[in-house]
């Protein structure tokens, strides 16, 4: 793993960047945590393995990090998609960051479990960006990754197969677990609003109470605000302390975007965004 | 034909230039329609945010009607195109979440389509009436019942 | 905040189905409502005085009027409120007439609905902000789209008033359909003789910039401040050098390949051509579809003969932008082509009349060309097929018009008159000829119009048969016209030498596209729609865009000219003041909350959102935020709905106001 | 303290009886602390990992109405909701979780007494169970608790073997609960209990809370806080899953035009909005300041005021943190800084 | 409580004169100068500000607020006769008994006059128990001055010294008062510092620059008293929002001396 260290060290010593955001091991071998290296010697702690779950793009829009000046960030393919989307949405400028892409060999669903076909994260199974599309330098080598069953897709199909009433009941129960800690929002690289709509009090569109009604609206609007934007890193679901299967929403929305508009979020930084553009031929079967 | 107790409750979000004016035309033409719809006038369908629809359901609407200018006719050139794209995503999301699709109706009604306005309102009112109260939403609102 | 509610009975109009007293009583109990009354006619002077007095007596700072549609009297009431010293934008209208009393029968139910609507308005007005109208400067230049008689008239009127005009015509010459006509009804004066001087006047007018062979590509901006992009199509002839000598056309080896549009395909023209000899400007264009040079590069005869070196094969389309204050749309009409059934159309057409199949079955404009002294036959009546003089002509009216199953349900208005004219012209020249007219009704309203038709029948012996023609077929060099005389109740069969179809006037095929480009509504036929059929017949619903001539609906020359002058007058009214007042419903950015994703910018159709950089007190860059150019913003609110954090809000329709309305649903 | 023995079978019978007698039973399971419908849902596993969230919401709900109001023209009628007096048994909670109630009751009872909390906690019987789970995030011993501490429990269970439990009856409330079911209990074996307790592996004590408190007092402005603030994403997951975080928000919600309720909702000091004034001024405008508040409140302010550390060492906040900000690690580092 | 009178102080500042609907409550309600209340508009929420009237004048309560957020906007819409909720009084209060027999200096900026006005009125009602009284009040502009009538009344009184100032640029052509920022006016006025107590309230920036001036003038840190404003919700020392160090502003404050404030984490 000298590669990442060499690259990161070079970036820091040459002064090309003021900080490198990467991963360090924490606790046991099956856990990492994000780390911001500001001194060349800090990068010695950097690791790249199958437990680098965090999407570090989330740090790029944070005021505490942007204060640091130009930063480099280690990005898996999915993370690089988030960076692309952030550039599309004017949150960062390509020239202000340095993306250290990694040839990704998949990650686990969560920390503290073995990396194998059972525990591989769903997003890695059919990944088409194991080599990030957007990167300034690239480290690591691709290796075979375990194949596994895409359980989340299966769950989505399962939900789709239910009738409307069952679907409502299912989501009502899931959303009812929500405690409004907003970890999903904070962990999302694309939730960068200065003030979330749920915190807006004039008017309060979404009730901040963790009641059925407030939870339903919140989860619905969160999914809608990410429609055509979510790049599928699944950090929201991992961050949720109540185990609400948020990817069922986000992924479904991405599937709709693909079906309806052949749109993939975070693949082209110059492309028009899904919401914000239109086509004269957009489907209007449902409009009388 | 008219229902005294004003149920179901239907909220309509309409644009000022087409549907609102179309409804005016229905009035000038003295076309009768069912009285359940309460219209909220907006400048353009582009102004209609999905949260409006959610809020209307939260506040007890049994149905929501959204209507504006036909594609190409937008007073603001493209507001309805942007709106249409949002609605595509939104109505699919609602459907996925199990919100009964038939409680949300999208339509294009131009300023000259007083008759179509009446038809849309009547058909939708009948549909919602047949469905009865929006039980699912009532259920999540019901938590609210005063227990003091 | 103290709100007054004023319920109007509108005579009986509201009062008949809405219990206005109950509405005003209920409204009196709404929070913040301190005064609530009803009155017979709120919009009348005494009615307005009730409002003004209440404002003064009770220090109201919000007013709700339950009356007719805001589209009717919002302005009236806002002015009344302003007269009493309250900001006019603190007045809201509840539409109790068009949306309640006129559409419901049951009084209880209608009254309940009225109460709800008043409650919405009260909740909204509570959250209205006192606003000031926005003043924007007016560019005192007019764009006239279309160089037919309507466009010419409008352009000349505006220009003669001293304002600059840009006249855009898509064909190589101005003149439009009127230049094709022979004589005009009811006076039978020569069409070209009265039109040509006006065309020349346009060409020479110092205030008119004439752009022929050009089309409007894009219209941005708004009333008083349009930015119009015009595509000046490549003529392949340098118009600054060309003198219009015509040598090129003489020498052009292509003579027969192209049909003359001006002569309605009855003759041919060269590849480099002017549509007709009196064209303005008299500068040819090269039809690159047929020109040999453009096909295989072999010929360049015109270039060789041009003494001025004006042929410019490499010329490309040019884009011009013009700053414009008002737009007059005068794009005219087309005739219904009946030989082919239009694609994806429900129109079935009149295949049974054989138009397109039989050379001597022609439409009205073709007949005009034949009758015209400048036409292919120099005004002599010769039929297209063999050049023989037709001895028996059948004219059929309402081909396409007033016929929903085969064409359009409207009346094309001019056919009765021009058919009478055609028959008359024919009879004047072919004294032994017979002219038959099949008609449904004769519609000849207008000064000297009915007299004209009478003259055709009574003096010139044109035979009018009331009834429809079912079929036309050829037999022994004659066209057998089978129809029915519905007055006599007998079938009729005429062996004609020629048949003239008075086909419907229809909108230009590209009218809907143009309407979308400039942002005006159009009806299902493609005709542009006026904002009010009676009181504002020449204005489109988009401010600063006016309508003239047959692009609005079928009409004859005097009507078109009158409408053109009216549109010109409307433009000049706009130019009467230097500044324009605009509704202050525009978007406003909360810079603290804006995260600068610029989704608002993406959805703005007016380029009204700009990027603004924010710096802290020490001058360090903090972030980029959206900034609304209040001159460009039109207040559609699409940005507001798109903004995920609601950091941009449409004043007058803020989220808070809409929320309050929804919450007032109960 | 009286001690008894109960077999697993009887324990489940006991639960079954309680359920029949309209007592709510809340017990930790895979999906967190849940209210069970059937005693078979109970898993008595002292080796299980902590649930993701604590049982805090059963005494201090995530959202609860504190008043209802009905408005008419200019008058308002106020209806105060009543908390249902219904016994809830928290069954098989870990000692660290059990302790949270007594810590919380300090804040809810100094000066004004919060009846919403008090009614619920009064009706809650805590049956704790010895804990044999310790991972790298556990640090109960560092905050003066232990896996075998019955402190805070009304009844405390110590598994003797798979099918037998030592039952310590700690409080009168605990005794009252068990009284009707005495026949399920047999005589205790405190020797065995003691031996088992002694054999439980205790998490290593990694810091001295007093030293930490002192360091915080003198290091309000220390660069250390920035190093954490930089990494923290500012979600309130840590506060919401914490057994003793108790900050809340009060908002009004309209039900319809005339009626509504005033809600008390969990809130967290890591939110930017938490202290933001309406004017836009924010005393804690930076994540490092907010994280400093979190640590200071837990290890200095609360101890200063209530002589109680506002932390039970359960490690939930760290386990669940999306970016693995580990409170144990941080306080240990502070401890090291303090020693230096 | 019922709104009895609405006084518009500035375009965005309003004063309410309130009376209890229930006479029983009115009788039992008492408070001390410096305490605050939680005012609520049902459906919109609660908002915290001090009681601006003096406890010596119990026929009504007064409060003043500036339109900033959801609740204050809703309050601003209310009319005479409308109902609002009040919880309180909460918090501590100015040590009026300890101030007796001393010179008192009141310094306020902007809407910060509201809490100070309460104690000013209180002191003025017991005028003979105090020595020299100086009031220094400033606002951004003439239009932003609150309690204009009261200011006039104070300025006319011979037994107190009242100085009103506006920030440079905020004056109107006919402005007769001082022009300058509050701290510099305080320095210029130089009120007596021995046997004196100063009460200061205003925007954070004003407080920050006034403290050093006070010390320079010789005031003891214990005799400089201010009242803090923090975001509050419960007012009961529970919700954790107003927590600074180990104090809850809503219980242990809002009144603090300069000495106490220096001991707290600098987080306000």
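Miscellaneous remarks
Residue numbering begins at 1 within each chain, and the chains themselves are lettered A, B, C, D and E in the order written.
Just so we're on the same page, a residue touches a chain if its C-beta (ideal position, glycine included) is under 8 Å from a C-beta of that chain, and two chains touch if they have at least 3 such contacts.
Given the structure is predicted, the values throughout are model-derived calculations rather than measurements.
Separation of subunit A from subunit E in touch steps, taking the shortest path, is 1.
Looking at subunit D and subunit E, the chains in contact with each of them are A, C. Ranking all chains by how far their C-alpha centres lie from the centre of subunit C, first place goes to D.
Closest chain to the protein centre (all Cα atoms averaged), using per-chain Cα means: B.
Inter-chain spacing, taken between the CA centroids of subunit C and subunit E, is 65 Å. Look at where the CA atoms of subunit A average out and do the same for subunit B: the two points lie 35 Å apart.
Distance between chain centres (mean CA atoms), subunit B to subunit D: 46 Å. For subunit B, the set of residues that touch two or more other chains comprises 55, 59-60, 72, 78, 82, 86, 141, 144. Along subunit A, residues 195, 197, 202, 204-205, 211, 275-277 each make contact with two or more other chains. Taken residue by residue, subunit C touches two or more other chains at 31, 592, 603, 642, 655, 659, 663, 665-666, whereas all remaining positions touch fewer.
Contacts between chains, counted with the stated touch criterion, involve the pairs A-B, A-C, A-D, A-E, B-C, B-D, C-D, C-E, D-E. Within the complex formed with subunit B, the subunit D residues making contact are 65, 68, 79-82, 253, 255-256, 259, 261.
By the touch criterion given at the top, residues 76-79, 82 of subunit E touch subunit C in their complex.
Across the interface of their complex, subunit B is touched by residues 159-160, 162, 164-172, 197, 205-206, 211-213, 216-217, 220-221, 223-224, 227-228, 249, 252-253, 256-257, 260, 274-280, 282-284, 286-288 of subunit A.
In the complex of the two chains, the subunit D residues touching subunit C come out as 71-74, 254, 256-258, 280. On the subunit B side of its complex with subunit C, the touching residues are 2-4, 6, 9, 11, 17, 20-21, 23-24, 26-28, 30-33, 35, 38-44, 46-49, 52, 55-56, 59-61, 69, 72-79, 82-83, 86, 110-112, 118.
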